[in-house]
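What follows is a pair of complexes built around chain A, which joins chain B in one and chain C in the other.
Right after this comes the complex of A and B.
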């Protein structure tokens, strides 16, 4: 047994004893103890846009729970404390951060972005039997039994945007994809290729660019040379999407744009025009959207959360602002089912019955075919369109439904891209 | 506060003080031979004791930092060897990556035992550097700098481009760790940071000793001559190309060894870990520390790591660290333009000025 796991267990033992010694109080009673949640993601650097807004969201989530008197788990009431560590999207810093969060801070759960940083953390998490979440399910494999992707099944949900376009824009028959050449961009390309193929859209070209690219004019010129009906920006860093849209605008593109994210889209509109961005399809809603008030949505007061977030961090709302917070909802649900904050028990609670309360409705634990392990929570995902300068959910699409018909196509493209779990070096 | 309080800060202060004192001993011409030897002996004993004791009093996360510190000490010390010839490269971190990828592939794909694989990786890195020396040393100064960046990017993008064998953008994962050993009653588990720290420290210390000996040898003098008077050196029969190429090959081989240490600790390598951002960090450590002695870059590395990873993280300003870090760099360049390694000499000078004359 490692020092790390002994330390965590001692900590958990102490908190469990403290909890057992206390009689559970009424709903707004003072919390007996504190449960710590680790937040191990890039807070600075190129990838910070997929970390920092998520930390803000988690802090608001914790504040709201603590203001209600804490969270009740297994008869004890806990205050929630978010302990963050900036991993700068580097594996060595992620490893150091994981060690600190587990062995020094005694966290019960760690939220990560994943990607490049995950392989360095996995051995530590496995030894400590620490429950870890990722936003990038391509991190999942049979070697990661304590890793879950409970909010975002990137990049699989990208198929919903293509599916919606095929139904609502039947004249769009050709597409060109550009993608950042990394662990985030490539599996996303495989997804878009499969979705376009499944819906009869011809992909004229796929252009990869390095993440050190600063001039996107040549990339866009090469894309527009094919005169595509659809310009697919794949999954790219926020500033890349911004620059690509700017170039498409400058170079006179007038067709359909689809992208995984359109983070800080108000800035993109400011750099182009409201008319140009009208109709752009992406996958991440604003949480003031009325569609999120539907009873099936498993996220407490999404409109209020959005309002608080924007009051506190104006202009900072992005794809991940709600995701890490929604993972905390799932963690809490799992902990309550397990009656414990012990990571292995929470994992069992989360996966109880093979279903989970995903933010966008009940979903299935899935992934064996694609990731070698059923640790991704998949169900409905929204298709979002910019209309009059505002992101609007136009429809929810069911991913398992699409998979049952076209799953084989997706696996083929993942294999071609070398992205299946058994192909990873 | 996450750092572990006064003990932690004391450990870091000692770790910074040791190479500072070593730099002072190297630079101070006022010390006589016998006194200098006594000082060196005392410093060596204190240094060994502090380096061995450090992980025992450090927190868990700082044990991790110590591992990376030992590895990076080898990176900056080897970088300085090339800098002795007057050439600054932007490809040194990529050379580290060459070692990391080579050992990953040797050990994972070919089943070569990890210690052997690490040595082979250092050799492969030296060989790659030797091949690069032919085009690169057609250039000097700024042109060499840009050429080394281009060569490094070409290598890095090759790793990204080829899924087989380099793993593409995701790199290589599940690299075998350094094998556990039983030495008498002790079981050495190298996945544990303390054990791996001692391994990395031993490798780094031995390598730095070799680098130090090279600098003090005839070839070291040739490096200095090539730096300051390359045409004159050439006129008296020194093969300046060979001297520069030797420095590049040796420096790269040790950087490759550092990369191999990193790969078997993290058990993963990917192209982004060796990009120009990382290279900028190495440059900053070297420039802020100073290059007059082998201790300068090590002082820079330890001091800036302590500020960035301990002080600023403990201050709870994670998102603002780049801003504070930048401010520290500006202050260091303004007030210690010859590097932190000159700090003891300056302090001694300030104290001397305060004393009454005569």
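Right after this comes the complex of A and C.
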């Protein structure tokens, strides 16, 4: 049909067809080219500090990938969309969120914090064969074949801080541990007990407190009554660490503090003093640390990521800010190896060769002895110390090396705490 | 437990009983006059803490001005709740209770919307440790001492108000027998407003005074309201003296058990205390037995 011969009816018909093609075509193409990642973690409530900052990190990760034209997997290019659901660290909400993300949103992968929310999600993930990640490998068991812990080996990495202290502070011989009584606190206590025992530090007492605790003065009085060389704050929630440090400061403690996290440590310093917090050992670096520019680090431009993050979300950098994003790196690596975004294929790709490109260097898929399944990616982990008001990586320690010598001690303490996978089941 | 730890634990318990008494006495006032179990009382405590955060920490105004603003603002919030929620439900206790749960959720959501989910931890003006009795290891922060002093002052002022003023007499009369009080010409509506403003103001004061000691967050009212309910059951529902005595008893039991065993056992001990009192004296320590 020549343009000249086109009458009004043909013109309108052709325009309508073209319009429909214009509207429908690109939409369908975009949908096909988008991979959705579920983010199912606490964004509000007491545990939000280990969820929300991670979502911010994932959004930056996705934006950066999309700005470069998307991610290429199996010959196709995908934009990445993060679909978040706030589980408030409540099992019921986590279950609802998992159902929504899988059935309604059609996500290809779900990132979770884990802990108390994981048992509610596991049956749904298993039924759907959905790949799920957790920050807490203590969630792993042979009943969780689609669950991986590829970034954080909580609480096992806590041993590196104790190990470093034993080498560098040999006079510190006694410790007291406190922890909230939950699925995050208890396995962490087992880890610290094992690490202290392995390095000849006597643990005078372990004090549990309820997660609804607001006044930490009695807890700290109980701890200081033992006159410990080391105060171990375990994996206390971010606000708890802050309050415990405030109390230690007010009640005149002058010894060493070790903690899994020291999120928002600038606030803690403001509430105590730079001198008091100097020397505190924990496990999570700021990503502007020069040690992270080492070629073995598998995280794109950590310093740039840290800068972007802080510009966009000032004061929000915490332990998990980079972790969920680093899991996306590992997921992408697995998807590329598999040439697919199908969850089962990606899992196979991730675990190919028994090794993975962990953020802190090449690591092994590990965990059979402790979790009953090799779904935790374990290698080096940094020991971080506050020096002159700033978090500094003082050394990377190799977890498998420690395990080869003291693994039995760790298993004993996990058993005593009832945290071995067969006890949890 | 050596002597220093014992005295330190006593100090911790005195602090805990002081702010708990402020919250519990407010709750008793509201229940006594309005017969409403105010589940949102913990959120009034939270509102007081945020008021102080805003006035003192955000705008840099003096701490005690922040406390005064918190008392006034939360008292006003109590008035709004009385007029909008509880007065229409005056003859419907279940309706009042459900309204208070609604208020709880609204206040929590409001705090999230205004201040975000992250808890605020900020230092007060008297953060430095004060050594007591010349013992270096025996310390308490000046901030905690301020809470204790203020709680004693506020509760003392309330006692004088209730015992010596006409409004206080009227309030006690309504609490004892609303119908007889109304026949004497006392306005139940006005006295309800007064009780709500006083009760809310006390919760606001407790929140403001402790805001620099505990993390201020949208859900901080939970643990406080649970403790306050235990206290008013132990003390005797409706008894102001009972609320004060039970606050001291509960705080000492909880603090000592935390120090000797741990915090989880302390929660159980608090509930066991309530159970023991209910078994031995169902009306509570200072409550009056229900007439058949």
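Following the convention adopted for this analysis, the second predicted complex is superposed on the first by the 392 of 425 C-alpha atoms of A that agree within 3 Å, B and C clash if a C-alpha of one lies under 4 Å from a C-alpha of the other, contacts with A are read in each partner's own complex, and residues count from 1 in each chain.
The working rule: a contact is a pair of C-beta atoms (placed from the backbone, for glycine too) under 8 Å apart; a residue touches a chain by one contact, two chains touch by 3 or more.
The structure displayed is predicted, hence computed values, not measured ones.
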* Would you mind checking whether chain B and chain C clash or fit side by side on chain A after the superposition? => clash
* To do: With the two complexes superposed on chain A, say which partner A:183 touches: chain B (first), chain C (second), both, or neither.
  => first
* To do: Using the superposition on chain A described above, determine whether A:81 touches chain B (first), chain C (second), both, or neither.
  => neither
* Give one of first, second, both or neither to describe whether A:92 is in contact with chain B, with chain C, with both, or with none. => first
* To do: State whether A:143 touches chain B only (first), chain C only (second), both chains, or neither.
  => first
* Which holds for A:300: it touches chain B only (first), chain C only (second), both, or neither? -> neither
* **First, second, both or neither for A:212, with chain B first and chain C second** => both
* Quick one: classify A:103 as touching chain B (first), chain C (second), both or neither. => first
* Asked: Touching A:63 in the superposition: chain B (first), chain C (second), both, neither?
  -> neither
* To do: Once the structures are superposed on A, label A:243 by its partner contacts, choosing first (chain B), second (chain C), both or neither.
  => second
* To do: Looking only at the overlay on chain A, choose which of 95-103, 149-157, 167-175 or 203-211 in chain C hits chain B.
  => 95-103
* **Overlap of the chain B and chain C footprints on chain A, listed as residue numbers** => 43-45, 48, 52, 181, 210, 212
* Asked: Can you list the residues on chain B that touch chain A in the complex?
  -> 2, 59-61, 63-65, 68, 153, 157, 160, 163-174, 191-193, 262, 266-268, 270, 272-273, 275-277, 309, 313, 318-319, 321-322
* **For the chain A and chain B complex, residues of the former touching the latter** => 2-4, 7, 43-45, 48, 52, 84-86, 89-92, 95-97, 99-100, 103-105, 116, 119-120, 123, 127, 143, 181-183, 185-186, 210-212, 418, 423-425
* Contact set on chain C toward chain A in their complex -> 1-2, 5, 8-9, 12-13, 15-16, 112, 117-119, 121-123, 127, 129, 136-137, 139-141, 144, 213-215, 217-220, 222-224, 226, 254-255, 258-260, 262-264, 266-267
* Considering the complex alone, what residue numbers of chain A touch chain C? -> 43-46, 48-49, 52, 181, 207-210, 212-215, 217-219, 221-222, 225, 239, 242-243, 246, 249-252, 267-268, 270-271, 316
